[in-house]
Each structure stands twice: as C-alpha cells, then as structure tokens.
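So, here's a batch of structures to check.
Shared between the two complexes below is chain A, which pairs with chain B and chain C, respectively.
Let's turn to the complex of A and B:
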C-alpha cells in the first residue's frame, strides 16, 4: 500500500483492475478453502492416529468410531449432551482467544471463572427477594465485573509492569482458587452444608432455565452470542483493528499513536468477563450454589479450544462442539468398549498436537492454490508503480 | 417390566476405579453385583460433580437402559441426582452419603452410608498396641464432621489401650492431593510418628510413603496391604458389595427398599483389612474383642465423659451418643489426645 503514492500513479487501466479483482477473489477463496481444509485434514489424521491407539488397546476401531458418533451426535439426546458440554468452553475459550489478538497468551480462565461464580452468588444473596430477572442480570454483571477485573489485572501487569502474562495468569489461577476455597469454606459457608462446604443456595426462583425446546441451559446461548460479539469487535471495528496492529508489532502500534495500555487492559477485561460469565452460568443453571465442584478445569479446556480454533472467535463455536462431543462420547466408550476414561484425553492430545503442527502446512499446499506465485496478478498500484 | 429383559445397574465414580481408595471400594461393590445372575452393570469413572454426572446418568438410562443407578460420590446428590430423578420416576437412584429426607426428596431416591468410624476405632486399638513412640499420625482431607469423627474414633480406640498415645493430624485441604499427602506423611515420620492412617480419597501415596520410611500404616476405604507388605497393620474398609447386592435384589424383585440405610459392623457395611504380619497376638485379641462389642452394641464409642483437646467437655459424663445420634453428624471438635486443630 505504501509502494506508490496516489499522486504519482496514473489511473490503472480497466483490464488491470478487473484482473486484480479476480485475483483477489481467487486468493480469498484459496485462503478460505485452506482455512477449512487444513484443520479438517488435521482432524481426519488425528482420528486415524487415535484408531491405531485404540486398536493397540485391544478395541474394535470401527466400533469405537460408531460409539463415539452415537454418544456425541447419534441422537437428539446425545447432541444436547454435546452442546451442554460445549457451553462453558465457548466462554472460557474467549478468555484466551481475545488477548491472543494482541499477541498475549493468557491462561487464566479458570481463576476468572471461579471468582466470577463467587461474585454471582454474592449478587444473588444481596438481591434476595427481587424479581428473578433483576437477580440474574445482577449475577451476570457481578460475574463479568470480577472476572474482568481479574484478567484485566493480568493485562495491566503485562503492559504497565512488563510481567509475563502467561506466568502471571497461570499463578493467579491458584490464588483465585485459594480465595474461592477460603471464602466458601470460611466466611461464606452455609452452616447447613456439613460434609460438602458450599455457599448458601441462590434459590430455585433465580435458577437459569433451559433454552426453549432443549435440555440445554442458556449458558450456551451466552457463549455463542459472546463469540459473535467478539468476532465483530475484533474484525469489524477500529478497536479490533488497533488490537491487530498491537498483536502484529507493538512498537509500530506505539509509533502510530495507539493507546496500547488502554487497548490491552480493555481486551483482557472483556476476556475475563467472558470467563466470569461462564462461572455465573454454572452457578445459576447447574449448581445453584458455589462450591468446589466448580473447579473442574473448564478454564484450562478453554485454552485448548482457543488454540484449536486458531484464536478465531467464530472458530471457537465449532471447536467447542467438537470437544463437547468428544467429552460426551467418553462415557459411552468406557461403558461399552471398556476403554479407560483417559482414552478421550488421548484423542484430545492427538488433536491438539496434529492441528498445531498442521499450521506449518499453511501456504505450502500448492494443490489448493494452483496458480504459481510469479504469475499472480499484482495489485494495480504495485503493477503501475513497476511500470513507471 | 418384561421378564426376559436383562436388569441393568449403572455405577458412577468421581475418580479412577483403581485408586486403592474410595472409588475402588465402590467398584468392588459393583463387581459383586455384576456376578449376580441376570444382572449386567455399566460403569463410568472420573465423572466430575457437574452437569457431566447428570448427563452420564441420563445417558446410562437412555442408551444403556439401566433400571437402578448408583452415583457414588457425595457431591452427586444435590442438585444432580435430585434433578435427574425427577425426570425419570421409573428409575431408582441410590446415593452414598445418607442425605435422603423423606417428603423433601423424590420417592425414587435412596441414600446409604456406613459408620466406618467403628472400623477406625478398631484400627486405633491395633495402632495403639503397635506403636513404640506413642505417636500416631492422621492425614485428613477436610475438617468436615465425617472426617473429624474418624480422627476422634481412631484416637479414642488407641487411647483405650494405650493412654499415652497421641494422634497428630494434618489437613491437606482436599480429597485428592497426592503431593501434599506425601509431604504430610514424610513430615509426620520426621516427627517420630510410627503409625499412619488417613481419610483421603486415595490412600495409595500415604501407604507407599509409610512403607518407604519403614513405619506402620493402617489403611482406609479399601485394602492397601499389597502396597505395604511389611508395614500394613490393618485398615478400615467399606463392604459395599453387601449393600449393593441387597439393594439390587430388592429392586429387581419389585420389593420396597429402605430409602435411608445406614450401618456399621453389625449390618455388614464395613470390615477390617486382614491383620498384617507386624500385629501382635495381644493386639489382635484386643481388636477382635472391641469389634465383637461394637457388633453386639455393648460398646458405644462416644460414651461420656469425653473432653476435646482444649479441655472442654464435649460429651458429658452419663451421656451415651450411639451411632444414630444426630450430635455425631455435626461433630466439630477433636478429642483429647489429638495434636492439631480444626482450621477455620
């Protein structure tokens, strides 16, 4: 773009213009095909490797694939099971994927989730007796605020103090869980919860219900909506463009006058709010209280989802469903194939490795972009400046 | 139900089936059911206490056609079992924990639990007779009533035969923290403790550490004697096979079943691991005598006067708190002879 200034370049010929446009569309199509083909091929290779693994474990490979399909997508019941498991992952994955646009690797979703859950319980207790709508909105708000502040703090430490955000977010997870356990087993403990320390329940009236026609709670809708909102924010706004510049080159961003501190902290806060909201949904839709059952690794699973989705906010939705399906099928594999519980973790591990490794194939699959690079029509501006 | 249909029972575990502990004890119970004629079982392990367990229960009902479910973790009950039980009134849900309240909970739910502190009392006698340093160690997960009751019964058992014995207690803070458990075992051994016992989900690491350090160990939940062939004295074990086969035969026959079922030695809910090589004849005799008295009800562990370890009287003289006493369910003290305090 900076090759030729508009004043010096004569208006391009009509033919060059259309050629450039056609080339641009062709290139876009190739990129899109590649973006879909490479991960799909990765998934196929992973399942093949997984087949070798289960065969070595003594199981019938085709039967295993069939049971996985049956457990994850084979019936309406199974598919809802899959969606339900995907719900928290869509939100916790955003906690990693949003800061990733800035080039940050945040793995603090677990901490933001548990603290968000706790904050939502505090809000519910404070507004006990109000209309359930008011209570639920306040719970969501409190969870977003606290989860957001938690990850926002990590963004602040990074940009203002230069603290490595991966390490700080990992360690702060332990601190968040420590705070959570201290409060749940101490000051906030319901004296009636004798053998399982929990907070007082939020009350049946304030429970978050199911999406109409489904046995899946509203947390899934929150997650999908949040992924779309994140996509719009990062790909369709000047804020997102600024974030992309920072992710590309911080010095360049500073030189072009971007307020890097603000953008980093705001993005991390939004990311933490998503994870906090996941905590609120778990409390309001599933547990009805806050206790140690909330600490099951949804935050860490979200990191896996974000990386498999290549940090693309919309990619998170299908990847969450894929991982939700793998989780949903795990039980059936144990029960019918007598494979150990860790079997599906092996598949997840293979997927993670193969898909990340397949990144190196990007731009090297010549059968996807048959036109040799030299013959590609150059953008008009470049062509004309060459001619000049 | 058609007679030719195989009766299926589902078992759900919060951790691995082979954990040498809580889950293994339940899986052994499930294996007894699996051996019954006309029964098939379905098992799933490592199911967290989240919506996952609700889906596992539903999946066992919808895809495997089970008629009775045994979700075995304490935290599965509220809200998970209660929610799913309402949706499937024809399936019976039996939970380990003793939380069922008539009128409040669905009619197709039951809950059972055992007075395993009786077995810890007997294990305490063996420990008290075996120790040379008079220092016993107890590694505990959380300071909840069930755990405190085990610590106290173990200590009362030890001091009934050896008044000089004390029990040093370490709380790790959670049910399965192998690294902390190993650290606690080592630090207790360093302090001169020569018999260890525990209340954690998987005693494996503690038993192995004790054996490595050359001290004695008394097991919990299941039989861990193979992990410590030299130092294993005995252990407080569950006997879920009896409970599960009873329940399954009642339900299969269409009989009514108790919604709240509890028991100790007498009812066959618990048992002792076979005595190890290091247990003396005198210790065996004392332990067997106490077990017989606990079985016939002539010995009640919480018979006053009992003081806590700050000198306060917790069970006054003349008061007898039998196993069903509601006060025992709310236990919040450590008896005299326990070194340590309940973290607030």
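Let's turn to the complex of A and C:
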C-alpha cells in the first residue's frame, strides 16, 4: 500500500502554499510517470524474453514481431478484430480488479462469464417473441444476476467463513464449466447442433448490434462504460473510500465501524456482474448461442489484464486492447510463422510474470522522483506488513 | 460383477488417480511449511508431464523422463522462489502468473509430442492372485505411487525429527525469529520451494507416463490447484496429505466408475466431484475468526 504517498501528508502552512503545491504536483507527476514507465519497461522486457523463446523454437524473431503487429494493429480490419477481443477482457478484468481494491485476489471471471452467458440464453428463450430491446435488457440482467451471485458467493465465503478466495474462485471456475457443459450437452442442447453441442440460438432479431461506423459490437462500449463507472465508484464515492480502507487494513476498517462483510460481498457481486455481462455480449453479439466456443480463456486473460493495469479501472481499457491485440495476432502467427497456438499463452505468461516482478521497482527508481518523499523509510510496523 | 463393480472401480481409480495429487500436495506442503504459497504448482505439474514425456520419448527410458520432470519442477520452483524474494512481490499473484506461463510453455513445447508414443512406466500387478479381471485391473499399482507414499512418511519424519525440518518450520512460523537466529529465511524458502517443485514435476510425469499415459493438452484439469487446497485440508501434515490424496483420487474416479457400470448421463457433473469436494471441505474447515490449526503462521502474515 502506498503508505508514504504525498497526498497523505498534512496540509502545509499558508505561507508555504505555492511552493508545496508545486512540489506536490512534481511528486504526483513522478508517481504518474512511474506508473506508466515501469509497466512499459516491463512490456518491453517481456517482448525481448518472448523473442528469445521463439528464436529458440526456430522462428525469425523480427518477423514474428512484425506479424504480431500486423495481426493486431496493422489494418482497420485487424484492429477491429483486436477490439472485438478486447471487449470481453475489459469486463472480465473488472472481475479481478474490483475485489483487488479490497485486497482480494479473485480469478473466477471464467466461471462467471460462462454462467452469465448461459443465463442470458435462458432469458432470451423465456422471452422469445418480445421486443428485441426487452429481450436484450433481460439477457443482460440475467447474466449480471448470475455472474454477480457466482462471484458474490466467493466474496461471502471469504469474509464470512474465511475461505481462501483465490482457491475457491479457481475451483468454482471448474465447477461452472462442468455445469455449463452438462446443460449445453444435455438438457439445453439443440438437437440440430450435431457436431458442436449448442443451445437453441437466441434468434437473429435479438442479436446485439454493432457500434455505428465499425464492425465491433456494443459489448466494447459496455466494457469501457463499466470501467469508467468502476473508476467513479472506487475513487470518487464514499463506498470506494471504504473499500480502499478495507484494502489497506481490515482491522482499521472494522474499528472505524465499516460493514466489511457488506462491502466485500457487494463489491464481489458487482465484479461478477461485469464478467457475466461479458458472457451475455459474447452470446448476443458473436455466437448467437451458448457453446464451448465461449470457454476460450477470456476470464484468465482478464486476470492478466487487471494485474497489468495495476488494478486501476481506467488502466484496464488500454491494457485490454493490448492483450486483445496479442490474442488477435495468434491466428496470423499460426498461419505465417507456423508457431503453435499456445505461442500467445507463452507471451501472456511472460508478460504476467515480468510485470509482477517489476512491482519490486516501485518507489525505488530514484531518478523518477524529484523529492525523496517516496523513498522515506517506512515505519517498522509497516515494513513487516508490506506483503499484504 | 454387478454393483460390486462400483466400489472396485473407485478403489482402482483412487490408486491410479491419486498419485499426482499426492506428489503435488507433498511439494506444496513443503513449500507452505516454509511460509510461502506456490499456486504455480499447476503449471509445474503440466510442464513436468510434458518434459517427462518428451525425455522418455527421446531417451527411451521412462525413469529418465521422471527425473527430467523433477528437474524442470526444480527450475520452476526456484523461479517462483526467486521472484518472491524480491521486495513487494506477492507470492499468490506470482503463482498465478507462473501457472499460466507453465501451461502456455508446456503446450508450446509439447506440440510435437502429441503424436509419438513414449515408453511408459510399468505397473506392479498386485492383483495377480485373483481370477477376476476387474480386481486385477484395480490393483495395478505404479512404483511411483509407492515412492510417493514412502515420501509422505519420510517428509513427516523430516519435519518432526531432523534439524533441517525444524529450520523449515521455524522459517514458516516466524521468519524474524529465524533471522534472529542467523538463518536466511529467503534461502530456506528458496530450497523448500525448489524441492516442492521437484515433487510437482514428478507428479506431472506420472500423468503423462502412467495414467492416462500420453501427452495431450487436456491432461491436467486443475489437479495442481486442488492439491494446494488439499494441503489446507490435510492441515500441513505430509501423511494426512496421503490420505487426502486417496480421498480426492476416489472422488475423481466417480465419473469413470459410474461410466464403467453403465451410467453415463450427467458425466460432466460427476467430473466436477473433486472440485465440489474440495470446496465443501474448505468451507467446512475454514473459519473467519481463528487461524487454522497447524497453519504456518507466516502464511497468515502474507495475506
């Protein structure tokens, strides 16, 4: 936690106002520069390590980089493909980033996404024949409800029973996928889907349209809007402030009378609703039905996005586009470089690891901070609890 | 056979399926006793499976494959330990990252291994006294499982009766106390995590070299993660890890066992039995108010 951040220093005396303000702006700038510089350096190092990896596998490194650029951002067509992949990531990343404000590590986005998708299909079938607007709203509502309940359960287990939320969310991913497969291959299966078990389609009329001017569905707009809403909720409201206190020190939060249980469960529910909505958008805009194509790891990639964005709701948007681009370039790498489809996963793994390791540089890059405030020694009590 | 087929298939399944759980949970037990959680064991398991299969294929010796899998596990464990020794780096998050990295690398490097068949580990036919084929099939036991059982007891002895075992426990209970005694906590954790990775790697080689006995991308489905939860259930005791692994193996065998007697509906639901069991056990044994009995105290500091 940023215990020694300049914002928390007491207000300066009146005479020193202008100078202190300038210093504060300098320190803020340093924090911002650091927050951008360190991840960028991490990304550069990751790509270098990835280059070594593919070179060992016998590929031409520069060619690989070029094809990745081409597949992700090279043309308007590929950029739209990137945005299509970024859309669910913005929402599944929130599923990790929101609980992270409370100090929880939740990686259950995959489960919430597939169950949300399933719930949206159920809603669409139940309201078949209604106005498409009604159907879409009901689909979104059902997906948010189920996704929210799924992650809310994990938050509840954590705060009420002390169950490790990381492990429970992972286990619940497998359980959710089991339920999903059971229903899609069994009771909810459309007999017409022979090779690939799917539910009945939701119908052309109920499909989620594209954002005007591009071939990208509205799910992207939902995701960006959700990230902004999450930013406002976490940084500009008393609820968000309470969450920040809990994330900093649960005991202090309890002593100041905060309802920790409620805040944890509500935050996790909102987080799950976001991931559920991602599932709904994938169903309504991309697949038109629920089948195994939904289980492609958007939930896990969302975890990576959240950590890369340092759990900052607004940081999620650009990082999602970056990760969406990496995902979008996978197909081109397979075709032109004959690299396996897991190449992208290797790069993601390297990125994740390097970015986490770069966390150690935080506040230790002296050339970035004009004032030594950042590097003031922490009190001994803080030092021992730093890992939290 | 009739209904007797079910318990028999469960026992047989437990003996076959439990070894990866056992090895990973022993490794994780050792790591957590030193005060760190390594969630990357899932990635280590899969990397172990891939490299074990690859080396077995290239060298023609399955046991060399097992050894190679262990060595890869040591490397991944050492990487985790090194990253976590950096300041401000969170061990749980690094574990998730290494899990994804391990899975990705194994799929990447293992692409050419999907087709060829490598020499596999042979089984001990403990059921040869019986005339009934299912009994014989159920009692086919792998030497690796027996080694795992021996390792469980050896590890308990290590923790309770040896100087190094005591040192690992000290570091896990109170790193500052260990520091005051002149021991380097990070060093101890490095060795504990690397050795823990060895176990997980060997567990992975069991998957690819014995049961199911080939390399594919669907080989592991979270056994490494469940093993981490299993350690909590086993209260950080190696021998209890053994019993818990057998229980989990049995739960994992429910689906195939029901299939073997002709019940196939709801297969996907039975397949979630181990996860549900893990979760139920975690909910039942956790508490919001007190720390768990037997939990290394350093694990709660890091939360």
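Following the convention adopted for this analysis, the second predicted complex is superposed on the first by the 352 of 388 C-alpha atoms of A that agree within 3 Å, B and C clash if a C-alpha of one lies under 4 Å from a C-alpha of the other, contacts with A are read in each partner's own complex, and residues count from 1 in each chain.
Definition applied: a residue touches a chain if its C-beta (ideal position, glycine included) is under 8 Å from a C-beta of that chain, and two chains touch if they have at least 3 such contacts.
All values derive from a computational prediction rather than experimental measurement.
Trainee: One more residue to check, A:57. First (chain B), second (chain C), both or neither?
Mentor: second
Trainee: Which partner does A:282 contact after superposing on A: first (chain B), second (chain C), both, neither?
Mentor: first
Trainee: Which chain, chain B or chain C, is in touch with more residues of chain A?
Mentor: Result: the larger residue contact count on chain A belongs to C.
Trainee: So, does A:186 touch the first partner chain B, the second partner chain C, both, or neither?
Mentor: In the superposed model, A:186 contacts both chain B and chain C.
Trainee: Could you say whether A:166 touches chain B, chain C, both of them, or neither, answering first, second, both or neither?
Mentor: Second partner only, chain C.
Trainee: Which partner chains sit in contact with A:262 here, chain B, chain C, both or neither? Use first/second/both/neither.
Mentor: Touch partners of A:262: none, neither chain B nor chain C.
Trainee: Can you list the residues of chain A that touch chain B in one structure and chain C in the other?
Mentor: Residues 181, 185-186, 340-342 of chain A touch both chain B and chain C.
Trainee: What residues on chain A touch chain C, complex-wise?
Mentor: The touching residues are 53, 57, 105, 107, 157, 159-164, 166-168, 170-172, 174-175, 178-179, 181-182, 185-186, 300, 303-304, 307, 339-350, 352-353, 356-357, 359-360, 362, 384-388.
Trainee: Please output the residues of chain C touching chain A within their complex, sorted ascending.
Mentor: Interface residues on chain C, with respect to chain A: 39, 83, 86-94, 96-98, 100-105, 107-109, 111, 176, 221-222, 225-226, 228-229, 232, 265-269, 271-272, 275-276, 278-279, 282-283, 286-289, 301-303.
Trainee: List the residues on chain B that touch chain A in their complex, please.
Mentor: Contact set of chain B toward chain A: 16, 42-52, 55-56, 58-60, 62-64, 74-75, 79, 97, 142, 144-146, 173-174, 329-330, 344.
Trainee: Flag every residue of chain A that touches chain B in the complex, lowest number first.
Mentor: Those in contact with chain B are residues 70-71, 75, 77-78, 81, 84-85, 181, 185-186, 194-197, 282, 285-288, 291-294, 296, 327-328, 331-332, 334-336, 340-342.
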